[in-house]
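Down below are the structures I want you to see.
Next come two complexes, and both contain subunit A; in the first it sits with subunit B, in the second with subunit C.
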Partner chain A sequence: MVQAAMTRGREARDAGGFQQHKLAPYAFISPFYVLFAFFFLAPSLIALVLSLFRWDGINDPRFVLARNYGRLLSDKVFAQAATNTAVYAIASLLIVLPLALVLAVLLNSKSLRFSNVWRAMYFTPVVTSTVAITLVFQILYNRDIGLLNAPLIYLGLEPIYWLGDRSWVKVAIIILIAWRSTGLLTIYFLAGLQSIPEELYEAASIDGASMLQKFYRITIPMLRPIILFVSIILLLSSIQIFDEIQILTNGTGGPANASMSVVQYLYERGYTRLRLGFASAVGTVLFATVFILSLLQLQWYGVFRKED
Partner chain B sequence: MGERFGQRLGVIALHVVVISGALLTVAPIAFMIYSSFKTTTEIFTLPPWLPPAVWSFKNYETLLTNWPFPYWYINSIIYAAVVTIFVLFFCSLAGFAFAKYYFRGKNLLFIVLIGSTMIPFQLILIPLFILMSRIDWVNHPASMIIPWMAPAFGIFLMRQYIQAVPSELMESARIDGASELRIYAQVIVPLVRPGLTTLAILTFLGSWNSFIWPLMVLRGSRVVTLPVGIATMRSQATASQIPYGEMMAAATLVSVPVIALFLMLQRYFISGLTIGAVKG
Partner chain C sequence: MRRTLTVVAILFAFALLWAAALPAAAQDASEVTMTMWTHDGLYVQFFSARAEEWKERYPDINFTFEFEVVPSVFDKVLGNLAAGEEIPDLLGIEQGSFPRFMQGGIIESKFLDLTDLLADDYDLIVEGRHTPYKYQGRVYGVDSSLCAVVYYYQPSIFEERGLSVPTTWDEYIETGAALAEEGIAMSYITDHGGMFMMYLLQRGGAIFDDHGEFVLPDEPNRGIAIEVLNLLREGLDSGAIRYVPSAEVWGPAIINAYREGNLVGAIMPDWYSDYILKPQAEDMAEQFRIGRMPVWGDGDGHKTSVWGGTGFAVAKENENAQYAWELLQYTYVTLENQIKRYEEIAYYPTMSAAFHDDRIVGLSDPFYAGQKTGEVFAEIVDDVPIWYQSLFRQTFESQMAAELALFFDGAVSADEAIDNIVQYMEDEIAFAE
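Moving on, here comes the complex of A and B:
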């Protein structure tokens, strides 16, 4: 009798435990999905619908079908912002990525002394406040009294109008991007380098391979997944660039929109001018671009190939 | 002998390149700190390594008296701390579920989770802001906290750490009659402290340095966070009277504590950044 009661008790508890075991994971992951649905998915859908309307946030929205998109594609400022953003992205891929890769190889070298100290110095920009450092660069870029022009002025040459010239302003921003992100990418590459078996290099040395050959024949192929990962990160962060340009150009994206990024354009139209439908169209185009670029990039690196 | 000489030359060249790059990297930060003790004229005086005529904390004093700087600082600390606490809890719970449970729809749910990290937040900037104004969260602390409490990357990160915990520990706790939540709190959490530290650092830093969102949702000189407040120091000044010295003092106060923290906890920081790259 007592035995039976105990068994029943244990069964009940097991059943309870079993139920709990089944339901617990759903309870544990639910905060993410609730927040995701409410603050991410819902706004995305709102954006999609809103991009078909004209709305200032006060009066009633007016349905305009695809007119926002038509206007966007013929808008000169948008074309400029898209071009600028592409320039930042391409410069990041062609300059920052190779720079970080070479730096990682150098920092990984066994003959380098005090490697930890140099690493820490290269990584500091990753944690430094963007706003703070951009204000510093603004001082350094000053045309008449800035530090970067000092050598030119000293030599009697024409100083560079870093923040006032349509081309130089992009160079100024790319330098800032390089300063901010090289260290971060180096962290990724260093992690990747650690996973390359030492024997590969030793075997290559026995075969008489030079440093450069080892770099091209071993390091680069072995790092391919990391290079893919890093270039996606770079591309996504280039497309999102806002803080640096907003501060460096005092919110103008100037001179004459020559440095304006797409997000800055979106911010200006949507937030400052309250053209909410139009800005939603910008967001949707941006979304489509990111999506297509990611797929193309994955394909380029052969992620979809069956046998690798 | 010639070969060994060449090798030594190579090692020297390696050091020259690495060290000059490292110095160039920290130079702007050094310039910032150094300038915070100078007057505006001295900041632009060449060469930049000339010391100020008088070493003084004048810029720091005026920063604290002329600007609501202490408010910005406190706001930033509170937001970063509160967000971090929520993130640690929600991400470790969800990471635990993905690492140690089998449940229906797990794969699909995980794909949604990973997919969401690929999409830049700026894409929903305007509609999220519209949503905030509809539910009256503009200039409300909730807008700075609630949407950011369970980031997908944090869940992914915690999943990676929790996967390394042996499942037998869980099983034996379960046989002892421990509830699932108890297993989480008493078995999992103590074993993934390094992961939690890493996530805490990354989250705190992200919140501390965030700019565009607080720029949009916070209004009023005393309610904004540090980056937004410092940006207004520049944007509100007339071109001839930009308070460069005070700005450099503010920039120093916002970045130096974080850099110091990074130097102390570098190990956690780097493992957090790379765990996704190498394993994922």
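Moving on, here comes the complex of A and C:
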């Protein structure tokens, strides 16, 4: 009798323990998902719903179905902002990513003296205020008194209208993106480089591999996960670029909208013109684009490929 | 005995509560905290000084004035309204942001209609300073400055070459072309919709009518807009006018060009003097003068134009609305304080009567080598153009800025620029319906 009661008690405790055992991991990871649901999922869903309404944020919203999307797709300013943003994203991937990788390899070199000082210097732009940086760049880019044009003026050449020319303004922004982003990405690559076993390089050296061969056959493949991570970070940040352009162009995205990014377009429509429903449609399109591009990147890097 | 003691104790307790409550109630009635938000510290300075005088009207009330410069003030106020939070009793609404408050009738539902409150004082202020704060024919803001446009110039550049200060646009282009041979420009232009509006208004054109309807496509406005663009084109081609992109227009390059003597001056509103020129070109004191904006040779249009302004509005749902209006009235709608405003923060009066006062027209400005600059404004105060707000004003300005950049670049003609902006505006208006 006593034995039976003890057995029942143990079974009940085991069942409870089993339940606890099953729930515990979920409880531990729940804070992230709760925050994710509150601060990302819910706002995203609300934005999606809001994109079907006309709303100034204060008065009652009015349902307009897909009208916001219709106007968005027919607006030449949005088309221009999307093109500009694509240019920033592609330029970032083609310029900033290789630049950061090369810098990381150089900073990882054993023959480099004061490597910590160099690393700190490259990281400085990351910890400096965007506003301060951009204001300094605004002066650097000035046609008449800017430092960048000083050599041209000294040589009697026509100065570049960095912020006044529709083509050069994009170059000016890409340079700013590169200056600002390269340091952080270099640190990521540096961490990846330091985790590559030295034996691989030693073995390659014994086999007579050149520096370039070692770079392409060892460094690049071993850095594949870091390259994927960095390229996604870079793509996301360049697609969402806002502060730098807003400050550099005094909030105009000019000249002639030639520097305007999609987020700047969203801000102008949403906050300046109080078209929150329309801005939500822009945000939804931006989210969908970033999501699809990220998936494509993951696919390209083989993240979804099943291991044999 | 015990019952008596209990009753006494209860009565005593009530007496204590009453005594405690009485001063609190009296204190509540005599304590008033008034708030004001603006983007410009000069307004805080002027309102604070006037508030100290005004509060003497209420000796029984202990006023606390929390007047402050708030970054991104309009975003914050609109955010507060959306969230059901309080907004300040007084709000300085920059005219460029007024259309944001017109959306969904926010200005009407949340701010005091000042039309009847202004009563007879309405006519004392020039009409062109009421209309930027009108919504459906009612006034919701009292402006801080005349914002009339004049020509800031360095007389020595003209004198050294035996040239006189141009008074018409034809003379302006002619004189500018002569100076351009030496690499000197008369003034500059930027790709800013507000700046284009400034030139358009002077010629007598309009973008929106008093109902906020888009009238630029209609004649004579379309013709005037093309005429104005062609004038600017002529100025750019002759070198009389220099193009500066909007990203550089408020920066040090312009001041440097003044210093180097390759830019004579600027056609700008009154606020340019104390907001931009004096602080940035302190070392150039006595080198500038103020003259009238050149006029069109055929006599059509105005002697001046306008650009800018900040109208103070009163939050009508706040419990201090009455006090806020009284303070605003005292500070901005009395002749004496309009003159003080000029004396203390150099914003010109919006009452034409003030320009008969010697404290305005007789005041010598040391920065302009003792010139009585008020005299220039006295000549133009009654000819300040009237213009109207619209829900689509910001749409117009931002897209016009893009068209201007293309036009200045030579990528589109004046006709094409106007056709493009008209098409864009019609699409935007149709979308909003």
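Simple rule for what comes next: the second predicted complex is superposed on the first by the 264 of 308 C-alpha atoms of A that agree within 3 Å, B and C clash if a C-alpha of one lies under 4 Å from a C-alpha of the other, contacts with A are read in each partner's own complex, and residues count from 1 in each chain.
One rule holds in what follows: a contact is a pair of C-beta atoms (placed from the backbone, for glycine too) under 8 Å apart; a residue touches a chain by one contact, two chains touch by 3 or more.
Because the structure is predicted, anything quoted here is derived from the model rather than measured.
Annotation for the three-chain superposition on subunit A: subunit B and subunit C clash. Shared-chain residue A:Tyr201: touches no atom of subunit B or subunit C. By the document's definition of touching, of the two partners only subunit C reaches A:Thr272; subunit B does not.
Of the two partner chains placed around the shared chain by superposition, subunit B and subunit C are both touched by A:Asn142. Contacts of A:Gly57 after superposition: both subunit B and subunit C are touched. Of the two partner chains placed by the overlay, neither subunit B nor subunit C lies in contact with A:Phe215.
Within the superposed three-chain model, A:Thr249 lies in touch with subunit C and out of touch with subunit B [touch as defined at top]. Considering which of subunit B and subunit C touches more of subunit A, the answer is B.
Once chain A of one complex is fitted onto chain A of the other, the partner contacts of A:Tyr69 are absent, as it touches neither subunit B nor subunit C. By the touch criterion defined above, A:Ile187 reaches subunit B but does not reach subunit C. For subunit B, the stretch among 6-14, 60-68 or 132-140 that collides with subunit C in the superposed model is 132-140.
Counting contacts as defined above, subunit A residues 57, 138-139, 142, 145, 250, 271 meet subunit B in one complex and subunit C in the other. The part of subunit B that touches subunit A in the complex is made up of residues 10-11, 14-15, 17-19, 21-23, 25-26, 28-29, 31-32, 35, 43-44, 46-48, 90, 93-94, 96-98, 101, 103, 106, 109, 112-113, 116, 118-131, 133, 146-147, 149-150, 152, 155, 174, 177, 179-181, 184, 205, 208-209, 211-212, 216, 226-227, 230-231, 234-235, 244, 247-248, 250-252, 254-255, 258-259, 261-263, 266, 269-270, 273-274, 277-278. Subunit A meets subunit C in the complex at residues 56-59, 67, 71, 74-77, 138-139, 142-145, 161, 163-164, 166, 248-250, 252, 254-258, 268, 271-274. Of all residues in subunit C, those touching subunit A in their complex are 75, 78-79, 81-82, 100, 103-106, 191-192, 243-253, 256-257, 394-395, 398-399, 401-403, 405-406, 409, 411, 424, 427, 431. On the side of subunit A, the complex with subunit B involves touching residues 13, 17, 20-22, 24-26, 28-29, 31-33, 35-36, 39-40, 42-44, 46-47, 50, 57, 103, 106-107, 109, 111-113, 117-118, 120-133, 135-140, 142, 145-147, 150, 179, 182-184, 187-188, 191-192, 195, 226, 229-230, 232, 236, 239-240, 242-243, 246-247, 250-251, 263, 266-267, 270-271, 276, 279-280, 283, 286-287, 290, 294.
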